[in-house]
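In the two complexes that follow, subunit A is the common piece, with subunit B as its partner first and subunit C second.
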Partner chain A sequence: MLKFKPLLKSSLGSELRRGHSAWVKTNTSSSSSVDVEQLFIDDEVQKLLTNLTEIDLENKVFRARRTTIQQRSHFALMTEERLEKTMERMREEARRFLQFVPVKEPRTQTVKVLSQDPDLETFDTSKFVFTDITFDATDQDRTVVVREPNGLLRTSTPEEHDRMNRTYYQKPNRPVFPPSLFQDPFLQDALDRNEHEFVLDWACWFYEPDDPAFIELSHKIFDRINARRNFETITSTRHFGPFVFYLALNENIPPLLNHFGGTGRIKECANLIRLQKTLRPDWRVTIAKGDSDEKIVKDYLKQNNRFRDELTDLVAFLERGVIKSKLQSRETRTVATGARKQATVNARNVRGAEGPLGNLSEEYAVKVVKSEGSEGGDFEQRKLDKTPQRRGRWQRSSSKPRNKNE
Partner chain B sequence: MLTNSNVAFRRLFHSSVRLSCEGKKNKEVKPPEEAGWAFNHVEKKMGMYKPKHTITEQLAYMKSKAYDDAYKGLPIYRWVNRSYSRRHDFFCIDKHGRFNLNHACPVCRDEYLFFDYRNPALIEQFLADGTDQPIDILKSGLCREQYAQLKAQLLRAKEHGTIPFAVDFRNFDYRQWYKQWTDEPGKPVERAGVRLQDIHPDPLVSFPTFKNDKGNDWDEWWLRHDKFARKAK
Partner chain C sequence: MRKLVIPKYFGRPSIGLALFGCTNRPFYHICVFPDRALGRRYESNILEQVGTFDPLPNSKNEKLVSLNFGRLKYWLGERNAHVSVPVLELLGLSGLFPIHPKTFVRARDNREVLKAKEAAAIEAASKKEDEEVAPEEQQSVAAKV
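Moving on to the complex of A and B:
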């Protein structure tokens, strides 16, 4: 049934944890033993990662996606104060959607031998997998045991365990076998279409976060993002935190630093440098307590002169205040939209071209009628004075007297 | 008799018919810059074989001017006569690959088209707006074979990543993954689960409900009729 090479007495994962972490690539690690999980859940690191993940509501977090059910669009007319409140609530909601995927070491592949029955050796040519499907067993603590064809009864490997979970407890978009998207020609196609978020979302839905396949896949995607420098695809998603963590842990931040510098976000640059120095503490280059963001970035540039050609945009911004042209146009666009948002109708411009009538205001006079407050009586009177004309069958009898004969 | 022999003739010499058709086409339409992609002028195709094409040809066809002229940028099922609405009860194409009907379904009738995961544009035409679900078979006007193909290739396209969709949001409980973590997880969220009425609750305006005919005993009028009706002598 299952293709499986028994790794009976090797405890691969624990060996990994003791010696070398899967999240630290060999060529960069000078200090070998770091507890990656402990570092990730450290308060300071979590705070820095959260600050580094920007919240883009419209284009990222709540962007249009193909869902299973059809939904109507909602339109609401609200005051500016109310709009701000609503956006604040949306931002709170978005923060929940930006919960980081746990950064985990790959799990151990150890299995326990339960019994050895040589009498059963020739009983069958395939394995038997027994799964506990009682109501109160959760996906994590479910008992799954395997009877090998040679009569060996053992607990399942984590991969077999997950596969049994997928078989007996089906969820939408979680097929028994991993989808082809996670393999290379199709993975690269999806990444070329900038669908990094979709692939990573599905990967963390399909795999457990400590699955070696998941960790390998996410590292592959992170490396490709870093090589292509398309950080825009992953910003403001739940995978940005682990991505930055991975980069900082491997001391590979200059490309991202350059990206932040190119957009003129000096605060993010400083946070990134702080993050790297928290993850890779070095007594020679520490950050003093009262340092400003700019000073931290400048110090980093001084200390890492070898990265100077990789950090051209950041240097250009620091020295001349230049923001990259492509991003500059985006900035101006946002500024323009911001200006348009501020144009509201008030007593001064209601009669002009900025009012609700626009250009038609030259032809038509705008009358402002107050329905509440002190001028209520005035309104009533005006209503009495000028009765609206009705047309067709509903014409008023006063305008066209019916009883002519009388 | 005559018609039967005609059909047999068509079946036997379908290839020559096709060739002659192509020749006619070349005469009528001036040789197009997109060589080979052209409108098929055969009106009644019953009994004729459907030509087979590859996916690369299909992709090129869907970008060509011939396709644009034929469908004018609309989904292909919009151009199909709805009066043959029970198309899904028939086989458009029989087991030998011949047309069984003169009015085949929108995909069967176009010789270049068939559902394939490598051409998501064709599959997306048959998806309900904003979803990853296919529209109703009656609405699509497809035959059963093509509708089954649509569903199969849609699944394939999703698994190969050519049609991205909203994967369910996985809410992690960090206490499960880290022993040292003690914080409670927040309220679980789901994609498309954010409702405007929660984010932006409506102001407290109470609208009167429609007054339905309850509590008034108009239907018992005849029961009480004796009490108030003046009896005739």
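Moving on to the complex of A and C:
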């Protein structure tokens, strides 16, 4: 979907839009112009953002969710080694899922007048929208022109262009007109239910990343998250990177910093400060090369004494080592996971009722062929009393009558 | 004896609107038809659809036209297709062709109709004012008497 512009063109574009970016809000004390797109794809920034996005496999990335793909949960008995390998594989997959939503400047709203014909005035009462449906044209470079009732022929606005794309090239869950979820009473409803991820995901699918409406909507959601301090709703999703980037670019990190500090994650705090200082370089407050995480955070506190009221949790952690929300978060975590039991089978409980057989363990005798501690010892024994064993589903039917005989 | 030809490759095709709507809902496909010389038997034998035209304005007061410009250029340039007047008007409005004279004529007619309507409205308004003023004058005259 995304097309990378050639470097020359992008640098030229950045010069053209120098002065203000849609991602930098005007009320911040920003003096210089920034090329936000280039900043976001910078290697250093990407590394910091990836580190800040924690990967929560169970509660976030691979949690149960409604999809159209029907899939059963898969249970398997594994050795420790294989479990580790599987978790690593899942983490790799999660990293793919957590690829950031691109941060782009909005497309320009100004239209180009192609021809003006005063003799054509009132040729019709409504506009004519012409869409090029040539096979080769992509969604980005499709020609859409509009003939106004006063005879003006112009290129389309981004809204019209994307609407024509949605009209003539339909995709599931992408209606022609934007769903009312993206407007306010309903948007606020969804955010009250903590469905930030759902709204952002749908917006990401519905809009192009450089659509002005998309950027406006995501900023609105980010601002509300920041105002309500419910960062938990968006952590470990693909929107967390752009969110942190937006905060750091606007020098608005104290709430998030306090959140990290409250949970005692000093490394994340330091990364966040590093991110802000990369995005907003200032020779007076640069980070020295050998600075530890704690020193970075303490330096930041010293330099920004005005935010001390907002950073109470962080200060408490640094001074007294108090982790305020650890207990709370643990409680919420256990509540969230519910009464789901963590089942681990080992040599001790394999015979009992906690093992894989459950209550049936009283009825059936469980024989451990190869114990975890002593390898090979049982194997020899097994060789001695080797009886012709059937495999698969025949095994059970053959073992049942034997049990009865006993 | 009649000679058999493939309509797709024979003669000079024509591009026109084909009505594809239903009752009370017009909707047109912009289609390429085979050569007229093949006779009425081949009239409904559409060679290719190169676009659509929705004559009913949508909720944003827009009439949507889609055109497959790549294929249109083929039929116009390579095959020298004959284009019907409504399609010529659409192509003129889209900026591919010069604007068709009929569009100018319609625009002028619409302007004249609008002007006449405005003039009539102004006249009606002035008449009403006269009527309102006149009885008052009569009343005042009566009071004096």
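Keep in mind that, in the parts below, the second predicted complex is superposed on the first by the 302 of 406 C-alpha atoms of A that agree within 3 Å, B and C clash if a C-alpha of one lies under 4 Å from a C-alpha of the other, contacts with A are read in each partner's own complex, and residues count from 1 in each chain.
Just so we're on the same page, a contact is a pair of C-beta atoms (placed from the backbone, for glycine too) under 8 Å apart; a residue touches a chain by one contact, two chains touch by 3 or more.
This is a predicted model, so every value here is computed, not measured.
Asker: Should the superposition on subunit A be reported as showing a clash between subunit B and subunit C, or a fit?
Answerer: Taken together on subunit A, subunit C would fit alongside subunit B, as the superposition shows.
Asker: Under the stated touch criterion, which partner chain does A:122 make contact with: subunit B (first), subunit C (second), both, or neither?
Answerer: Touch status of A:122: second partner only.
Asker: Please indicate which partner A:315 is in contact with in the superposed arrangement: first for subunit B, second for subunit C, both, or neither.
Answerer: A:315 contacts neither subunit B nor subunit C.
Asker: Between subunit B and subunit C, which makes contact with more of the residues in subunit A?
Answerer: Counted on subunit A, the partner with more touching residues turns out to be B.
Asker: Have a look at where A:285 lands relative to subunit B and subunit C in the superposition and call it first, second, both or neither.
Answerer: Neither subunit B nor subunit C is touched by A:285.
Asker: With both complexes superposed on chain A, which partner does A:181 reach: first (subunit B), second (subunit C), both or neither?
Answerer: first
Asker: In the superposed arrangement, does A:167 touch subunit B (first), subunit C (second), both or neither?
Answerer: It touches subunit C, and subunit B stays clear.
Asker: State the minimum pairwise Cα distance, in Å, between subunit B and subunit C in the overlaid complexes.
Answerer: Value for subunit B versus subunit C, nearest C-alpha atoms: 19 Å.
Asker: Identify the residues of subunit A that lie in both the subunit B contact region and the subunit C contact region.
Answerer: Looking at subunit A, the two contact sets are disjoint.
Asker: Contact residues on subunit A for subunit C in the complex?
Answerer: 114-115, 117, 119-136, 143, 145-147, 151, 153, 164, 167-168
Asker: Contact residues on subunit B for subunit A in the complex?
Answerer: Touching subunit A from subunit B are residues 127-133, 158-172, 174, 176-178, 180-181, 186-187, 189, 191-192, 194, 196, 199-200.
Asker: For subunit A, which residues are in contact with subunit B within the complex?
Answerer: 37-38, 41, 62, 64-71, 74, 76, 78, 82, 86, 89-90, 93, 96-97, 99, 101-102, 104, 140, 171-173, 175, 179-181, 186-187, 189-190, 195, 198-199, 201-202, 204-205, 209-210
Asker: Within the complex, which stretch of subunit C touches subunit A?
Answerer: 51, 57, 60-71, 90, 93-95, 99, 103-104, 106-108, 110-111, 114
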